[in-house]
Each structure stands twice: as structure tokens, then as C-alpha cells.
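Note that the chains are named A, B, C and D in the order they appear, and that numbering of residues resets to 1 at the start of each chain.
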Amino acid sequence: MSISLKHLTKHYGSTNAVEDVSAEIVHGSLTAVLGPSGSGKSTLLKLISGLERPDQGSVVIDGEDVTDVDPRHRDIGFCFQHYAPFRHMNVTKNVGFGLKVRKRSPKEIDARVKELLALVKLEHKAKHYPAQLSGGERQRMALARALAIEPRVLLLDEPFGALDAVVRAELRHWVKELHQQIHVTTVLVTHDQQEAMEVADQLIVMRSGRVVQSGDPLALYERPATDFVHEFLGPSTTFAGEVARPHDLELVSVYQGTMKGRITSIVSLGFEAQVTVELSDGTSTWVQLSRNELASMGLRVALLVGVRRRDDVEF
Amino acid sequence: MGRRHWPLRGVVLLYLGVLVGLPVVFLVLKALGHGFPAFWSEITKPDALSALKLSIEVAAIAVPINTVVGVGAALLVARHNFFGKRVLDTIFDVPVAISPVIIGVALVLAYSRIGWFGAPLTRWGIMVLFSPLGVVLATMTVSLPYVLRSIVPVLLELGVDQEQAARTLGAGRVRIFWYVTLPAIRWAVLYGVTLTLARTLGEFGAVLVVSGNITGVTQTLPIYIFDSWDQRFDVLGSYSGALVLAMMSMAVLAVLALLRRRERRLRVDLA
Amino acid sequence: MGRRHWPLRGVVLLYLGVLVGLPVVFLVLKALGHGFPAFWSEITKPDALSALKLSIEVAAIAVPINTVVGVGAALLVARHNFFGKRVLDTIFDVPVAISPVIIGVALVLAYSRIGWFGAPLTRWGIMVLFSPLGVVLATMTVSLPYVLRSIVPVLLELGVDQEQAARTLGAGRVRIFWYVTLPAIRWAVLYGVTLTLARTLGEFGAVLVVSGNITGVTQTLPIYIFDSWDQRFDVLGSYSGALVLAMMSMAVLAVLALLRRRERRLRVDLA
Amino acid sequence: MSISLKHLTKHYGSTNAVEDVSAEIVHGSLTAVLGPSGSGKSTLLKLISGLERPDQGSVVIDGEDVTDVDPRHRDIGFCFQHYAPFRHMNVTKNVGFGLKVRKRSPKEIDARVKELLALVKLEHKAKHYPAQLSGGERQRMALARALAIEPRVLLLDEPFGALDAVVRAELRHWVKELHQQIHVTTVLVTHDQQEAMEVADQLIVMRSGRVVQSGDPLALYERPATDFVHEFLGPSTTFAGEVARPHDLELVSVYQGTMKGRITSIVSLGFEAQVTVELSDGTSTWVQLSRNELASMGLRVALLVGVRRRDDVEF
């Protein structure tokens, strides 16, 4: 189901406000709302869900204006940042809650919960309580609970924020796959650009309550509208007085470079290597290389090199 | 900070011993000093039994009402913002902050035959003062805050996430309360109810003023204990009654200790 | 959950009005019913003044001692594990759970001339019962738990991080307490002290039993109020005393409301 | 100052235990203790600081056995995971606390605090209270506070865990630079491999309370001792039945590959691109390319390709 946000405004205190936000979220898409903390992205999610009411503006889901509809009648699956499990219910009861409230028959609930637990791979924990689950398992339980009511829209608030790096990467993959399986329109909020780039097919970048830029992740990465987006969406450095992506710079012989400089450090991070160069104008910049590029170039600290922008910045 | 708290422990334990421990030991020794049969005959006297019965009846009325009102008010204070909220919150401190004697005197003023409430009620044939009804009213007033004060911190700490989750899943206000909020605060509610019960059984000052101290009619157990000791010089009767009441309170106390442990564990889980 | 709590508010406010609000209004009306000069001459009678003085003296002794013991015991309970900790924690509930009458009777038993404590003390010329000393002791007992119960949840919530940080920076136990722990819990301590003060000023039952009710010597303000009303049929004197005590309690109450607000803000900060 | 840990053991409950851990931490190094949550890494840090006492084993700092020394006399700077600022003191008082406790003169304290605030770039917030600072500023204040006592050893517990991605990257850089400036032996605990690889010059990888492997970050990345270390230290995939790094695989023509397969997805994340290939044996693998490599190869979904290991795995 598509969502349109029209001039949404919500104030409380100085941070977390939302200021005149309009956006279209396409049916079946997986959209990430990306921004630093306090940029209003979580508030935006609560406005879509109805848990907060906007001061102005409206929320339209699938053509129906739901601004005045209570969240319990919006058919929305909401996953909270800390999952908000019902601590006194086991996994089965948690997942079945929405159906029980909807007065489905015990048999139907039972069948649907089984199906969902299979989907989120928690069949073996059906009788466990939230306190007995790991962070990743709680997250999956929260997803199953939200999906149980067959929501028109799935909203995820910082879904991976509270997890370990390895679990985070796994769940990210899994959420993406899940979305491809069930294709429910999904909006997720995150402050992690890598997460957003990897999972989402649409990005909405927010800052101080306003939408700065939105669109296809790669398009935003390539053509950021402002320096803020440039720096927020990926590593940035300066070269010849301009903001640049470190992988858009290349190291060449002293005579071929736009500027010349001396290598001050080479840090190898596995796949990626970072070469820092002190330029002749006194500034410092860095160049991002893959390990294979680094291996083939024979660089070392103190070497004099030329630096220039790659020609194929757009591809 | 493990091993050097011995002096602190010593001071605290000594203080507790002098103030609480030894007096309780003495009470047991004195009440049973003439043997168990003497104790038993004292507490099965008609006046003693009727005092015990009234105490239990008053608790049976006051505790449930104060529980319902306390839970409702706690939800208001912890979950809503409205004009007058701080006033409401403060009123719940009145029974703790104000002397039971004042509460008693004030109730007498309000419900005496010439008071605003008393006059119409008397016309309808309802006597509040010098009747069990007055005892119930006084008791309800002094035991008012305990449920609210036990629940509000837990509600605030719990946050609204689970309630909001239930709401997005389609639950209405009533279902959210029964299925989500109440189970989450159940230990705090029980703790508050137990405190209310303790306060109800033990209340003395306000009841003494309101009840008129009519033996067999408005005498609760604490009043009976005082009356035996102070007016009738029936020392053994007083000690025996005190021991019965103390044992009831000890049972309540044991429940409190268990509940507090549960609640602290819950807090740790939440953190 | 914004607009549909009206019925709940109505019930709670009605209940509070009947139990607390109107009686207090009546008290003011009655005490000042014969004009301010009459009220003034009542409360400046020697007996009334000496009762007020004793109440203040008792508070001046009991509150500081209970504060120190309460803070110490709270640190033990919240920061240490030792054998007997749960017993200590439970003993602090005794004064709330047990009727003040029982506490009074038990103190009489312990400190009467034939009691374990009373006998040696009498030999040294120290009279506990029927003397201001007994009043202080009874008051300290009933107001024992409030500081501890106010501080422990805050200490638990605060955690040990700041204290451990201070320790790695080279601070010893005493410095950690004064520079780090105490400032962090200061509002909770003040809240507990204020409750202790309220309870101290208002205590009636235990003091009545222990004091022997000697006018001008062991009469605190609550006892004076009761005595005027019940024994001497001096109704205006009683109402006037009650109004004075009620106003003192109201001041305490206002402080409580402020402190609770501070403390809740702190909790939100911590979260 | 060097640190040696000798057979340290500490139990409480089932997780977070430390089991017979021995390690040498070189003078002046920046060592990261890396592991999933519950692996005992934070407990290890508390054992070094003395905030916890080991059940067995000893801690030796600079040749002196400090196992029985109170933490207040160990001269250790400890930064807590949530910074543990003294909330009722302003930044100046916080940073000066350790010196005040050491009874230095107000003048000396004043001078030293100014110097430290300059070092951590918080001069302009000297009179602010912790509640008025951002996460990154609190972190820097905590660092300055720990450094004020000129510790022999600096211990950082998840120093970047609670921060936004962008701030995290900045602070990471900054901590590394700071370490190069002041060269105090530093141990930091983290669950984020990227963080550890980028900042540390030594790694200690822990799992279930035990040290699995330790040494130079790149050496561990290249030659992990176990599958766990392999998967924990960087992206992993399987190829021909073995665990492999996705950048150690390359895409070639169908005839050149060890195995052939069909491209099922191409995800471009800015600098890095991930190409997923369904292999002829029914398994799936993925290959990591730089954007420049991707641009030069003309790949598309559904293309038949060969996959093989690169020859230059070691370099």
C-alpha cells in the first residue's frame, strides 16, 4: 500500500520535531528514513503509525486519509526500537496477541502463529519468554507479532540499533529477504547509512525535522544535494577545496596528479585500504582503495605521489 | 566496596535492636508470660473477638476500594497530562503528611450532625460518626496513598512501549489495561495492597477520634488494645490483643519482603 | 490515550473530595469560625505553646538521627551483599506494618521500671516512660523507614558507574560518598527527610501510649489536640491546634510535591 | 606501561565469565579486545582496572603485581560504556575530580583542566553540565577526566557503542590521533570488528570467556585461527565448500572459473559492491568488488559467469 505524507508538522521541545514533511512512499517498497539522532525520524514514524498526532498535515495510506484514525484501526505493524515485547507472555502469546484481540478462533490463531514462527525461524522458542531470548530473537519475535495482523504497512524503528555488529549484518540480510518474500510496504528508521544503503530501495534523508533529500540510495550517494548528505551517506574528504568521496580520488605518478603530496599513512582494513596523503598546499586528504588495487600499486609511507579525481565519477 | 561496611552495619543493627527488635521480643514474652491458656482466654473474650471481627470487616471494605481508586489515580498521574494533575498527586500525600488526629477531627467536623455532609445523611438515617461507617471512612482516608505511591514509579519506569505496541495491534483501552499494563505492574499493585492492608489493620489515631470508642461496636483491634491498657487497666488483655495484631502484621510483613524482592528483580530485568 | 480519561478523573476527584478535601475545608472554617483573635488566644495558651514546643523539639532530635541511620542503612541495602540483609530490609518495614499502638505498648514493656532496659536505666536516674525521652523514642521508631525507602530505589537505579569512576580516579569511600553518591541522591534524601518530618510531627498512637499524656511535659501537638477534644471538651482549642498542625503539614506537603517533581525529572534524565 | 594478564579467571552466572585468560599488552600499544556480547570482554577490562577481583590469576602492570591493589591506587584511567559522568558537576569539575582528590593546588588543577579541555576540544563547554552535552562530547569529557590523573594505562569500555554512526567514525579517528599524541598504553573493548580493525594496532579476540586469537589486526584478518574468527573479523561467504572472504573471489568468464554460476543480484553500496552468484552446485556465494572494478566489468543480473579464488590472496 502506498503512503503519502502531506505537510506533516509536529512540535515538542526543540529536538525530535517534524517540520513540514511531505513524502511519497511507493507500494511494496522498502524505504529507509535516515538521519542523525534528534532529526525527527522516529517522530515521523510515530506520525505514520498514529501513535502521535500531527499538529498539521495529513497521512494518507492507500488513498485513505487516516490522520484522524486511531492507530488500532490503521492496520499497521509497528516494531519498536527496543522491541517492546510483552514480558509476561511467551513467544506464542506475544505473536498471537493481535489475532486474539481481533477475536480470531484459537485454531486459526494457532495455525497463523506457527506459520509466522516458521517464517522468522523461532519455532524452537515458541514457549520461551522474552527475557530468555537474545536480542536478535526478540527482534524477530517483534517482527512476527507485527506481521501477524497482516498489516498494510510495516514500520520499523531503528530495527538493528541495539544489536551486535555480526547479528546486525545477519538480520539486515534477513529483513531484506523477508521483504522480498512478503512484499509489504515497509518504512524503517535508522541513523546508520550503511544499513540504509544495504537494505532499502528508497531513502529519505532527514535533518532537523526536515527532509533534505529523497530517492534511490545510489542516486543520493552519487549526487548528494548538500554537503550534509554527502558527508552523511558515505566517507568524505576534501580535495582541492571541495568535498569529495575518497574513492573518487586516485593515486598516480607525481607528474600526472592535479596536486602532489606525500603518503603519511596506509591503513588496511581487510577489503578496504585507506591511504592518507599530505598535499603540497598543506591540507590532507585520503584515498580509498580496494585491497587488490593496493596490492598492485606498491605504495609505502613517505612516497611522493600525485592525486587527481577519477574521470569516471559517474557510471 | 566489599569488606569495610562492618562499622556501618553495627550502628544500624544496634539502632534497630533498641527501637524495634527488643520491644517486639518483650511483647511476646509478656503476652505469653502467664501461659498459653491465659493468652487464649484473653483473646477469645467477646470484646476482643468483636474488635478483631470489626478490624477484618473494615479491611475487607477499605482495601478493595482503595486499590481500585489507587490504580485508577496512578494511571492518571503516570500516563496522562491534565490541568490539576499536580494537585491530585499532592492530595495523595495528605494522609501521610497530616496527623491521623487531624484527619479524625476533620472527619468529625464534616460528618457531625451539623456538618455539611452529616446533616443530610442524618436526615436519611445514616450515622457516620460513632458507627462502623465512620471507622471505615477514617481508615480509607489514612490508607489512601499506598497503592498509588507503589505503582507510579513502576509505571513511569515501564514506559508506554508495550501499551503502544498493544494499541497498534488493535487492542482498546480496556484490553490494554487487563492484558498488558496490569500484568506488568502486578507486583507493585500487590505491594501497595499489602501496605494498605497493614495500614488499615493498624490505624489508631483517626479511628479513635471518629469512632467514639464504643466497646463491641466501633472498637477495632488497635483501639481495643489501647482501651484495655489505658482505661480498663486490663494489661494482659492488652498484651494479648497486641500480640495477635502483631502476628497479623508480621504475616503482612513477610509478604511485603517477598514482593519487594520480586519487584527489585523486575527492575533489574528492565534495566 | 488523551481524551477519554474523564470518567476516571471524575471518580478519583470525587473520592478525594469526600475523604480529604471537604474535611480540610471544614477544619479551616471551624477553627476560624469565632474570628482570628479567638483562634490566636487559643493557640497562645501555655499548654498549646508547650505542646508545639515539644513537637518541634522531638522533630529536631528524631529527624536528624533517623536521616543518618536511614542513609547508612540504604547504602548497606543497595550497595552491599551480606548475611542478614533481607532481615534488615524487612525490619525497616515494621514501623509501617505494625500499629503505632503496638509499638507504644512494646516500648512501654521494654522501658518500664521492670523491663530489661528500664531497670538499669532507672537505676541511673533515666526515666524513659512518661517523659519527653519516651516521646522521642516512640517518634523515632514510627518514622524510621521513610529515608531508607525513599533512597533505595534511586540508589539502585543510579547504579554504581559514577562511584566506580570516582574510585578509579583515586577517591576513597568517604570522598565517594560526599562528592558523588550524596549529591546524586540529594533529592531523594530530602524527600525522605520531609516524609520523616511529616510523620514525626503527626505521630499520635505510639506517643499517646508511651507519654502518659502529662499536660505541659509530654504532650505533643497531636496529643494536645486529642486531649482538648476528647477529655477536656475544649472544642475550639482542639480545632485551633489542629489548624496549626495542619498548616505545618501543608508546608511539608508543598515541599514534598516540589521534591517529587524534581526526582521524577531526574529519573527521566537517567533513562 | 606494559600489562600482563596471567591465567585470569572470574565467574558469575553463566555469561560474562572470564576463563583462564593470559595476554601480554605491549607498552604504548592500542589494543582492542573484540568479541560478541557476553564473551567476557568487559569483565576482562574490569579485572585489569581492579573494579572486579579475579577468582584466580594475576594482573601485572609494568612489572608490578597489582592483583591486590585497590583500583584507586592503580593509576588507571577508565572510561565507562555510558561515560558515567558526574551529573551534578560541570565539565571543568568532572575533569578536575581526580586531581582534586589527589589534593593538587587549585591553580595546578585549573591549568591542567584547561590543557585537557583543549586536547579534547571542549574548551567552549567548560561550564556546561553533562546533561547539556551531546553523546560525543560526553565521551570526550570522560576521556579528559580519565587522562587528567596521567594514568599508566587507559581502559575504554565500548567507547563508541552509544553514538551515531557519523560521530562514531569521527571519534574513532580522533581517539587514534590522540593515542599517537600521548602514547599511553590503551585497551579498548568493542564488539564491532570494523572499529577494532581501524583503531587498534593489536587485537585480542574473545569468545565465551576465552581468548580465541590475538595479534596484529591484518594478520588475524588474513590468517584467522578458527571459522569463528574468520566470520567475526570480516564478511565471509562459502565457496566450493570452504569459508572464504568475498573479496578473495573473483568473477571471470565462464570458462576460466573454478565453478560457474548465474548472477542473481548486484547491490552497490557506494565504494563497495556486492555481487551474488548462484553456483551450479546449488549453493550461493557473493563477491565483493570496488565500485571501480564493478564499473569496468559490465556485469548484469542473470549473466552467466565463472567464479574462482584470486591467486594473490596473500600480499
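To be clear about the criterion, contacts are C-beta pairs under 8 Å (C-beta built on N, C-alpha and C of every residue); 3 or more make two chains touch, one makes a residue touch a chain.
The structure presented is a predicted model; accordingly, all values stated were derived computationally and were not measured.
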Contacts common to chain B and chain C (chain labels): none
Inter-chain pair with the most contacting C-beta pairs: B-C
Euclidean distance of C-alpha centroids - chain C vs chain D, Å: 52
Interchain centroid distance [CA atoms averaged], chain A/chain D, Å: 23
Length of the line joining the C-alpha centres of chain B and chain D, rounded to whole Å: 54
Residues of chain C touching at least two other chains: none
Multi-chain contact sites of chain D, meaning residues that touch two or more partners: none
Contact graph of the chains (line, ring, star, complete, other): ring
Each pair of chains that touches, named by its two labels: A-B, A-D, B-C, C-D
Contact footprint of chain B on chain C as seen in their complex: 1-2, 4-5, 8-9, 11-13, 15-16, 18-24, 26-27, 30, 69, 72-73, 75-76, 79-80, 82, 86, 88-103, 105-107, 109-110, 115-117, 137, 140-141, 144, 153, 156-157, 159, 163, 173, 195, 198-199, 201-205, 208-209, 221-222, 225-226, 229-230, 238-239, 242, 245-246, 249-250, 252-254, 256-257, 260-261, 264, 267, 271
Sites on chain C touched by chain D in the complex: 161-162, 164-172, 175, 179-180, 183-184, 186, 269
Chain D-facing residues of chain A, complex: 36-37, 135, 164-167, 169, 191-194, 197-198, 218, 221, 231-235, 245-247, 267-272, 288-293, 295, 310, 312, 315
Interfacial residue positions of chain D with respect to chain C in the complex: 49-51, 70-74, 76-78, 80, 82, 84-88, 97-98, 101-102, 131, 145-146, 148-149
